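What follows is subunit A paired twice: with subunit B in the first complex and subunit C in the second.
Take a look at the complex of A and B:
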């Protein structure tokens, strides 16, 4: 259940040729290019004598009859068409075909028919049709236009990607889903069909394990809180404030960034410091970076004394590593400084305190007072003379949305008044409408209220003894719901009533599970990935892999809500309407 | 939780027990934790040990002594309440005795019902268990904790070794011989290494499927068809050429060439003989580009298949091809009149020549320069790696016994190594040729260069390290009187150092450009050292220098 190791196995398999050594060309398509760049660097490929990498769809490639070619594509219509054309008039001496998922029989026939020159020397399927972000985090499936139902292409994509994931992990799982989510149910039944009766079912004939792995399909709408909260751990913060896309961070918009730092890669596999620091909270991160810089300084100091031959020898040996280190130090310094700047510029300390209070405490009047103060840009009563810049609209909307979710059923709910306040602040009606969109998506009536765990708000978690570390950090009180759900799953205590077993699925054995694959329909967050990573660490013999169709931060989550179902709030209703 | 000590019990009441009547009702006990039905207290006891012994570890945080007390108290209460539910008719004494029933001393209660076979799986053997000696340490390599009441002392059910509680927090299903049996085994406590040794558990190789055979079968059908078609076309062409040759031969025999027109007519007739032409009325559209025939789009017959095609230059549906060219490609036939043209459609041209052309191009096309260089580079790489090993071995010898012979040998292999490294570098540099940017050729050249640089850095660095090591051991290694060879070597060495100086100079420049000033001082120091080295060598060379 190590996604990176599995991905490396596949990459190795596809670049290792059965036919001796020589210079090779690698042809990719739009799907496989990002997936291979996530797990293999150019020098890795160079070691396998791949000296030219190009897109299959690029028709201006020159004919090179003495080179051999490795094709690695997803078997979808556009790529198959391009491959057919390539095989009809081959540019290279021979072709090894690798598909990232199952090829349809008819496509294979067509390919065979177009290969009348017999240039193809290998045809194989490697099941890599998903993106691997970390050892335990993947992205599978595409976004949907609606939030409560699948369209055919999106459902197909999710099914294909997840069945590739299961095949690559050699899992024939018990599939369970959340009772209230139609999408999760649909996906569960499609996947069950693919595993047990579809074309690929013969491949799922893996040796029985003592307890079947569990594929748990969750729905984002059951936990709208986690993506809305400002996270405080390194990886999540980078994603929240700057944005991570396929392990790459675009720093070009950061003020005063060096030229070579505009695009940086944050890959825990290649960056040891990042692996250690990605789950640290901001305070610990500061210490960690300081230690890292000290280490770097120590290195530069020792290299300054080049008195003897020995020193010189060491220097020559270590110079490339030294430079790598210096690059890495400045990368993480840049990131940390930018995070710090964002925290101050966006007044995250204040915002996060209120957010956590909203999420974890039951204190309507105090929360409302603080929320109003922030929305109206009033100064902090404790430090009235301190001049603060107004809070960003985004943050205000997010806070009101949190409030709306938290106190939806509260008698004194004042969402309407807060919306009106926002409107008077000059916020556009369509932006204010996002709050309603969030409510419509994940309001109390939409969420799964199970008997065991009472609420997504972690106050309830405290009852269950899960919030043991709550008081540890004021800003990290909230524990994502997924922890409670997966903990129950590991203990074999997940209620069948709330988490039914999918059709066509392996029979449920009421037992503690050891391998869990979590898939969140509607997107996962880095915060959840971190929590699950920790859960795996504390539960021996348990392996957890998690993913979603996207990795959300608060901005993408809100945008998505807005785009899926837009509301426009125009009429300024009587602010005191609901006060009674 | 205090663990039950295994082995014969000493506190068994020494009483003669009358044969007990079989209880009227099966005493049914229920496990207070998982609700499993068991038959006797003994079984319940064992079940609790096996299945729920590590229950405390499931709760986050450790249980304090008080909690343990609570738990056992609770268990006792449960058990008592269960016992009270037993059939009233059964004497309580017997119930107690029944709890002692165990296979280890069956003679005690010979007539009492022996424990029913565990419905949840076979009973796992305990023969291989290591007996606690009282002074054991956890078998887990990195733990080695003293095993006692607090740390626990648990046998891994599979390997039998003793572990502390923490390192047996794993479960796997075992059969009666304590081997992994995923389907109908019993859940047992085990250690981490046994847990990880489950077949396939740590596998990282995902599923794959090889479709080549299937692909090949489908392809073979097409290839065979294609082969037949090609054969047919070849035959027609050979026939046609033979007919033409006949006509031409006759023609050449004639004294007067006026009748050339008649031979042309004969050739036209021969064309129609070889393949039946489709009638003009049979097609309204070109069968290749589907253009409609008309005044501008004329109908033509392909001489090899007889079908109607257009003669559009743009689509190249059909073209007039000189016989000579066709024969040359085909091989084996010679046309007497190579200039004579016949019309051939695109389909027939491909059918006839596509495969031949492709094979010819793959086999006969010249290797581009960079490929040649690449092959040479890989050869050098192999040589360098071998030489490096040799050099290292000779250095070990020198360090062992610095005799003249070993030193000479070391110097010799060093010389060879320097030579090949230089040749390698030179070769790699020849890749840097001004070719239009962005073309595939350039990309490949660039990649090869990158690879070569990487290789050179790594192995050159290794070489330097070995060399410096040797220099430390025996600073007077280069013999005082300089032979010609040594002069050459010293010069080479000088060149290597100068090269190094140059590289460092470049590094300094780039560091300056990128404003990484912290990198500069060490580089400068390094440069100074290199200068000193160069100075030394130059001094040593004296007049023999450049």
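Take a look at the complex of A and C:
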């Protein structure tokens, strides 16, 4: 259940030709280019004598008959059409076709028909139709236009990607989903059909294991809190404040960044330091980076006694060997400095304290007072003389949304008044409407309230003996709900009433589960991936792989809510909500 | 999980009648060959067993020249690998204590060292050759391929140089240790054969060889008077090996500039692909710019001409009064001012007028 190992196996399959070595060209499409970029590097491909990499759709490629061609595409209509055209007038000597998912027989027939010159030498299916971000984190499926139901293309994409995932991991799982989510239920039934009755069902004929793996389909709306909170671990913070896209970070908008640091890769597979540091909290990260810099210094100092001309010459000579190390050091320094800048500029210390208090404590009047103070940009009563810059609109909306979710059923709920306050601050009605969109998406009536389970708020820590390792850290009190759910699942205590079993999976597990695949409809967060990673560490023999259709941070989560269902709040005495 | 669909595909391909089409296109593709080699054209029928031969026929375009350079480097590297293996076994043999005469082996070692260093230099020159080949290429794709090939061979050469350097340095270390400290042999030979991948070690190794070189040189100077031929011999050996290591290190460092930094954005596949597209677009844009520049230079030329004209006319205006004065003074030098140019004559004429006594014009 190591996604990276699986991906590497496929890449190897892809690049090793049965027909001896010779220089090759690799053709990709829009789906496979990102997926191969995540698990292989340019130099990996060069090692296999792939000297040219191009898009299949690029029609201006020059004919080079001395090259062998490896085609690696997703079997979807646009790519198939491009491949048909390519086969009719081949530019290269021979073609090895690799599809990232099951290819339809009709498509195969069409390809065979176009292949007049018999240039195709191999056709194979490698099931890589999803993005691997880390050993235990994947992205599958596309976004949907609505938050409560699937459209056909989105459902198809999710089903295809997940069945490719299951095939690549060689598991025929028991599928369970959250009772209150129509989308999860629909996806579960589609997947069940694909695994047990569809065209691919023959492929799912894996030897039965002692304990059947579990595919758990969750819905984002049952935990709207995690994406709204400011995270405090390295990877999550980078995603929250700068943004990680397919393991690359765009730093070009960071003030004063060096030219070669404008775009950096954060791949735990190629960057050992990142692998160690990605789950550390900000304080520990500082220590870790300091140690790293010291180590770097020590390495340079062993050769850098610049006393004589000869020493200086030696230093210059040896410089290239340090370049890699120094590149990595400066990359992580740049990131950490930028995070530090964001924390101070956005007043994250204050904001996060209130957020955690909202999420974990039950103290309405104090929370409301503090919230009002922040919304109105009043100075901190403890340090009144300190001049602070006003809080960003985004943070304010996020705080009020958290408040609205937390005290939705509270008698003294003052969301309306807070909304009015925001409007008087000059925040646009449409932006204020995000709060209502979040409430409509994941309000109390929408969430799954289960009997044995603590709510997404408050006592999450104390749940099922997890309280023992309750974080001392004031800023990391909140533990994502997924931890509790998956812990229950591992112990075989997940209530069937709340988490029904998909209708195709016959055998019902009562025992403990070893392999768990978690899929969150509506997007996962790095924070949840971290929690599940730790859970895997503490439970021997348990393997957990998690994913969603997107990796959320607070910004993308709120934008999404806003886009799915927009509200505009107007400055009327009794503001009526108005659908856009 | 992995599914091979080749057989299904081939069975589909067999069921479709390709003949009518096939023949025409095949004739197209093989026309050039047929013309060149009449007899071979007969073999153009399809047979699965003949795929290899057919593939060759289907490649009327020979691989570009840089491909040959790559193969040459491959050959040298293979030879180097063999020689390094041989050297390694010789070293191992030499490490064992014994009373046999080793001068033959030592000679052999020296020879191998020399050859390997030479080969590395050849590789380096060949890689440099990629750059010169670049100028002859026009097709964008080929340029990209050449670039990638260069990088790949740089990595390969770098890898081989580093194994060679490690081997050499461990041997020097052993020779030194043996001399001064008499360390247990087994430990040393183990250390020598160990594959050290640490960057730190390669760095210290280089330092070490530099030290060794300096030391042995100074020692040789000191000991010139004394007839300790054995020690001298050994020192010379160390010095020559260290020399070789340093030479190879230079090549290693040069290669460093060519390889991609692994783990950086430059090593991302999608980034590189996007960049190629970007560069293509950039080239397009620059071409457009160039055309506009071209156009504007024409304008510039005309403007320049006009400005020159104005300037000359101005000169005439300035120069004119001077001449009138000379004319007034030297009234006797009048006779040769016979030419009375018409205003319609060109700039040359005007020029002459400037020189001539212009009194006539007034």
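Just so it is clear, the second predicted complex is superposed on the first by the 543 of 580 C-alpha atoms of A that agree within 3 Å, B and C clash if a C-alpha of one lies under 4 Å from a C-alpha of the other, contacts with A are read in each partner's own complex, and residues count from 1 in each chain.
Just so we're on the same page, a contact is a pair of C-beta atoms (placed from the backbone, for glycine too) under 8 Å apart; a residue touches a chain by one contact, two chains touch by 3 or more.
Quick caveat, the model's predicted, so the values are computed rather than measured.
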Self-check item: Combined model on subunit A where subunit B meets subunit C, clash or fit
Solution: clash
Practice problem: Check whether A:491 is in contact with subunit B, with subunit C, with both or with neither, and answer first, second, both or neither. | Solution: first
Quiz item: Where does A:168 make contact in the superposed view: on subunit B (first), on subunit C (second), on both, or on neither?
Solution: both
Quiz item: Can A:248 be said to touch subunit B (first), subunit C (second), both, or neither?
Solution: second
Quiz item: In the superposed arrangement, which partner chain does A:40 touch: subunit B (first), subunit C (second), both, or neither?
Solution: second
Practice problem: Return first, second, both or neither, reflecting whether A:210 touches subunit B, subunit C, both chains, or no partner chain. | Solution: first
Practice problem: Return first, second, both or neither, reflecting whether A:52 touches subunit B, subunit C, both chains, or no partner chain. | Solution: both
Quiz item: So, does A:324 touch the first partner subunit B, the second partner subunit C, both, or neither?
Solution: second
Practice problem: Have a look at 4-12, 112-120, 256-264 or 454-462 and say which bit of subunit B overlaps subunit C after the superposition. | Solution: 454-462
Exercise. Would you mind listing the overlap between the subunit B footprint and the subunit C footprint on subunit A?
Key: 10, 13, 23, 43, 46, 51-52, 54, 61-62, 64-66, 93, 102-103, 108-109, 111-113, 115-127, 167-168, 170, 203, 303, 317, 320, 323
Quiz item: Within the complex, which stretch of subunit A touches subunit C?
Solution: 10, 13, 23, 28, 33-34, 36-37, 40-43, 45-47, 49, 51-55, 58, 61-66, 93-94, 97, 102-103, 105, 108-109, 111-113, 115-127, 167-168, 170, 203, 246, 248, 263-265, 267, 270-271, 299, 302-303, 314, 317-318, 320-321, 323-325, 327-328
Quiz item: Across the complex, what residues on subunit A touch subunit B?
Solution: 2, 5-6, 8-10, 13, 21, 23, 43, 46, 51-52, 54, 61-62, 64-66, 90, 93, 102-103, 108-109, 111-113, 115-128, 167-170, 203, 206-210, 258-260, 300, 303-306, 309-310, 312-313, 315-317, 319-320, 322-323, 326, 465-466, 468, 491, 511-512, 538, 540-541
Exercise. Spell out the residues on subunit C that touch subunit A in their complex, using ranges where they run on.
Key: 1-6, 8-10, 12-13, 15-16, 18, 21-22, 25-26, 29, 46, 51, 55, 58-64, 67, 70, 139-142, 144-145, 148-149, 151-152, 155, 199-200, 202-204, 206-207, 210, 249, 253, 256-257, 259-273, 276-277
Quiz item: What does subunit B use to touch subunit A in their complex?
Solution: 58-61, 169-173, 180, 182-183, 185, 187, 192, 195, 198-201, 203-212, 214-219, 222-223, 226, 354-355, 358, 361-362, 365, 367-368, 371, 374, 378, 439-441, 443-444, 447-448, 450-451, 454, 457, 461, 464-465, 468, 471-472, 500, 507, 514-516, 518-519, 521-522, 525-526, 528-530
